[in-house]
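After this come two complexes, each holding subunit A, first together with subunit B and then together with subunit C.
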Partner chain A sequence: MSAETVHTIIDDLGALLLFTMILIIAAAQIYRAIYAVAAQSLFIAIAGAVLAMATGNVDLWVIAGITLAVKAMVLPWVLHRVVQRMNVRREVEPVIPVGATLALAVLIVVVSFQLSASLGQVRQAITGNALPVGIALTLTGVLAMATQKTALTQMVGLFASENGIFFTAMSVTQGMPLIIEIGVILDVILAALVMAIMVLRVRSTVDADIAELARLRG
Partner chain B sequence: MPETPLWVLPLVPAVTALLMLTTRDRRILSAIDVAGSAVLLSLALVLARKVASSGPQSVGFLRIDDLGLIFLLLVAVLTSAVSIYTVGWLKQALAVGNMKSELLRSYFALVHAFVATMVVTVLADNLGVLWIAMEGTTITSAVLIGYHGHQHGLEAAWKYIIVTTIGISFGLFGTVVIYAAAAAAGLQGGAGALSWSAIMKLAPTLDPGIVRIGFIFVMVGYGTKAGLAPMHLWLPDAHSQAPTPVSALLSGVLIKCALLGIIRFQTIAAAACGPAFPEGVLLVFGLISVVVATPFILAQHDIKRLLGYHSVEHVGIVALGLGFGGRIGTYAALLHVVNHGITKALAFFAAGKAIARYGSRDMRVIRGLLRVAPVGGTLLMLAALSLAGVPPFSIFVSELMVLRAGIGRGHWVAIAIFLAMVVVIFAGLLHHAGSMVFGEPAAAVSREPETWSPLLGMMLLAAIMVLLGLTIPPSFDGLLRRATEIAR
Partner chain C sequence: MTGDRPLGLVLLEMALLVLLGPLVTGVIQKMKARLQCREGAGVLQPYRDLIKLLRKGTVQADTVSGFFQSIPVLVLAATVAAGALVPVVRVGPPAFPLGDALMLLGLLALARFLTAIGALDAGGAFGGMGASREMTIAPLVEPVLMMVVFSTALTAGTTELGALAAHRGTSWIVAWRAADFLGFAAMLVLLPAETGRIPVDNPDTHLELTMLHEGMLIEHSGPGLGCMLLATHMRQIVTLGLVAALFFPALPADSAGTTGLLLGAGAFAVKILVLALYLALVESSYAKLRLFRVPQYLGVGFVCALTALALRIL
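The block that comes next holds the complex of A and B.
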């Protein structure tokens, strides 16, 4: 594969990632947000495979495989199970109107591209537009968390945000050391499990959403 | 002197954690707890001698230099004090039903797993390993914060894990960005990539633009974990809801480990784009923290929340010291890390005992502590005096040095704000502490004698606190000076 082709594919995947991010923000039901974040992880696994083919870096194959297994399959499955166990009625509860959130998301994307355009030298170190897309995904993930009141949508936002980091990390021309990537994914799994347990624990004791508890103030 | 490889250090608390799972007996658990901490402390001291005599040691992903050593010693000393304190604290907590005996072993196992992750953060040379261990501290301590199992604890734990996980993912992004800059400047790939010492060698050739973006991401990320305002929102909740020994570890060492992460990146950024940029960023965050914490300290009624907000202020002071920069500023910041860690842990211990005695964490209920618990009351007063910055205690010394660094650099506005806030907090804190310690206790307050183990843990810390206020021992001074040269 020529460098040009890889650039084009990565840029196209970046566009798809941003599109799934919009789906997550605009999702009216928690299931849709979970499917969207699973699709996003799938695109990142594909990006990993493409970069592995292009650079001949074996580590990237492993990382793409783990991403596919963990972030596109296991974590969405865990979220799905939690939704079923919780038996939630009000699933998605935006703090501000979805339209306003989308406008903010667009603003973030524009600013991210502006910011990266001012950096010349990095072009050699990171493939295509992976840096601005990564920044935009990370920040919109935080936006999704800040504008949602329920615990599960906050978790989805968190995973989406981390996807942005993975995308950029993969696209650094030399790749991240394998052992580090594995450690990071392990942390993500553990954090997700701990969060899931907390959500279920609060649901079973006080029948409330953990993210809506607001006794501690001042 | 026996050779102790570096990787043994994180292994000690990890093995201790596993040993905890083999028994349910409270006495045996406490014995393992104290023994494990003592082994960690003695290994840390052996390592300190070795680093002092033959310079930085490194094995694989781990490396210890004088800078890391300061933080390692703080972790080891506080872990030991916490273990001693826990013996008596636990007996009391079990009696009133705050802790459940069937959950004890997992509590101890988690505490030592938490310590193990903190030891890795201070020993990490590889910036990726630093991040992984830092997220590891979040996961283990989040479970501990919600350990009492009531709704408030779980609320605090959720806020903590969500806010710090998202914060620290910014830190990972910043790490990736700086790695990309290093890769563009010719850093070799492979397992040694992302190594702090390797990136430092290249640092002057990194692209300043990209390093600036990376540093800001790192600053927000590790700053969240350090409790710098305005990312501190989780801190008062988490530090106040956790079981007291865990509060002491959170406030005393965990936020300091995050500061070490910031210092590591600050040195890279200073080499790549000049010291002015990272110093400016630290100065802004430091000032915001000091200012934001003040009104909450004054208006607080919950003693543990008060101590939590107070940690925000002191992390801000450390950031100010780093932000003023230069030899004095960095030296002052490192000294303040140690002083505040020791003193804040002591304050949490004393507050925990007072809360247990009065059955309330409301400072309007705690009255006349000196009458019912003379030793504990004295220690609480000493801790409060030191935290407020009264001479001759240790925090006064480091605050004065931060101030001197600021004057040396001519940051007059920052100094004026800093001084005003410190004076207000001084008054507020002494008012709160005075009304708790002096006066007539209510008749219903328990007058049972104080138990030895919490007092021993507290006295250990109080002794260090007083010593560091009166004089800085030459060996410790040398350590701080060498560390200052690394961090500057």
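The block that comes next holds the complex of A and C.
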């Protein structure tokens, strides 16, 4: 594959990633947010495979495979199970209106593009929009976490943000060392498991969600 | 001024759109019926409805002004004029100054405005409610449509739809840039809103709680209602044609002769059918949104379109 083709494919994948991010933010039901984050991880895996093909870096193949297996399949499945176990209302509860969140997301996208333009020459593996898109994904994931009241939707936001970091790392560094990537993935799995158990435990003992914990003072 | 589409061809395309408009509605209704395991009416049912309405007499409210009579004709005229701007069988700029995508959107907005005026003129409660709802939704849809058009027009350097479609060329997803994906996503979100379908509007019901567009037609009767319905069919196929021109591959402009035209017509039919299938699928698998949720739904389209523009410009 020529550099030009890779560049185009990564740009296109970046657009699809942004689209799934918008879906996560605007999702009115938690199932849709989970499916959107699964689709996003799938696109990340594809991006990893494309980069692996382009750079001939074997580590990237492994990472793409792990991303596909863990983030696109196992984690959404865990989230799905937790939703079923908790028997929650399927509507998500935003802190501020979704319209305002979407406006903030637009702001973030524009700011990320300005930001990466002002960085000057960055030695990127893939030139083009990969860096600003990655920054935008990371920040929008944080936004998704900040604007949600329930722990589950915050978890979805965390995974989305994590995806953004992955995309940035892949596109800027030609693939980080395998050991670091695997460490990050293990972190995510562990965090997901701990959070899932915590959410279920908190739910079953005090029947409260994250928003109500604000009033908890020691 | 030279161009690829002479006056005769433009008129022919316009006539084709008027003739095929009801067929598209019929096909969507048939597909919907099959998806819901019903037999459904034949695809020609909209034509039968139109013929029946044109034969009937007119009944009007006592309170209407003289303007009310001419509303259906004006709405139909504006929508049909918009149809002239959509390239159907052949792409490329027209041979005479015609108008561009902005003109098309403006004409559709004019038709919408006239429909709302007519609904308010009759003084019925339903009409007023339908008009106010339609006018609430319209300002959310039209700017986003314009942004999608701009995001494609930026690369082509023109807003003339024929030239835009010609610039799009024969290739498809392979040649799509990042912004095209987001623009197309925005378009898919907007399409049900612009064609008055679920999840924004419900074309099949006359229940006052659910309707937008139908509420505005309720005071019309006979040939006037026929004209309004034909305008609705026309608006739908024009919108689908706009999407096809912006995002789907076009035949090269130099494929002249009868075979070229027939091929172009066939390709157009396929594009419209694909989009019609999309509309039928969405209509069958989603429930209508509450009115206050509609801005949130359209917000997704807005953000997509804006991001597409950002990807193009920044």
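As a working rule, the second predicted complex is superposed on the first by the 203 of 218 C-alpha atoms of A that agree within 3 Å, B and C clash if a C-alpha of one lies under 4 Å from a C-alpha of the other, contacts with A are read in each partner's own complex, and residues count from 1 in each chain.
We adopt the following convention: contacts are C-beta pairs under 8 Å (C-beta built on N, C-alpha and C of every residue); 3 or more make two chains touch, one makes a residue touch a chain.
Every value quoted in this text rests on a predicted model; they were computed, and no experiment measured them.
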item	value
Superposition on subunit A - do subunit B and subunit C clash or fit	fit
Winner by number of subunit A residues touched, once subunit B and subunit C are compared	B
Subunit B versus subunit C as contact partner of A:D11, first or second or both or neither	second
First (subunit B), second (subunit C), both or neither touched by A:V78	neither
Partner chain in contact with A:I66 - subunit B first, subunit C second, else both or neither	neither
Touched partner set for A:S161, first subunit B, second subunit C, both or neither	first
Subunit B, subunit C and vertex subunit A (Cα centres) - angle in steps of 10°	150
Touched partner set for A:M53, first subunit B, second subunit C, both or neither	neither
Touching partner for A:L23 - first (subunit B), second (subunit C), both, neither	second
Minimum C-alpha separation between subunit B and subunit C after superposing on chain A, in Å	18
List of subunit A residues in touch with subunit B within their complex	115, 118-122, 124-126, 131, 134-135, 138, 141-142, 145, 151, 154, 158, 161-162, 164-165, 168-169, 172-177, 179-180, 183-184, 186-187, 190-191, 194-195, 198-199, 201-202, 205-206, 210-211, 213-216, 218
List of subunit C residues in touch with subunit A within their complex	176-182, 185, 293, 295-297, 299-300, 302-304, 306-308, 310-311, 314
List of subunit A residues in touch with subunit C within their complex	8, 11-12, 14-16, 18-19, 22-23, 26, 28, 98-99, 102, 105-106, 109-110, 113-114, 117, 129, 132
Residues of subunit B touching subunit A in the complex	126, 128-129, 131-132, 135-136, 138-139, 142-143, 146, 149, 151-152, 154-159, 161-162, 165-166, 169-170, 172-173, 176-177, 179-181, 183-184, 187, 189-191, 193-194, 207, 209-210, 213, 236-237, 240-241, 296, 299-300, 305
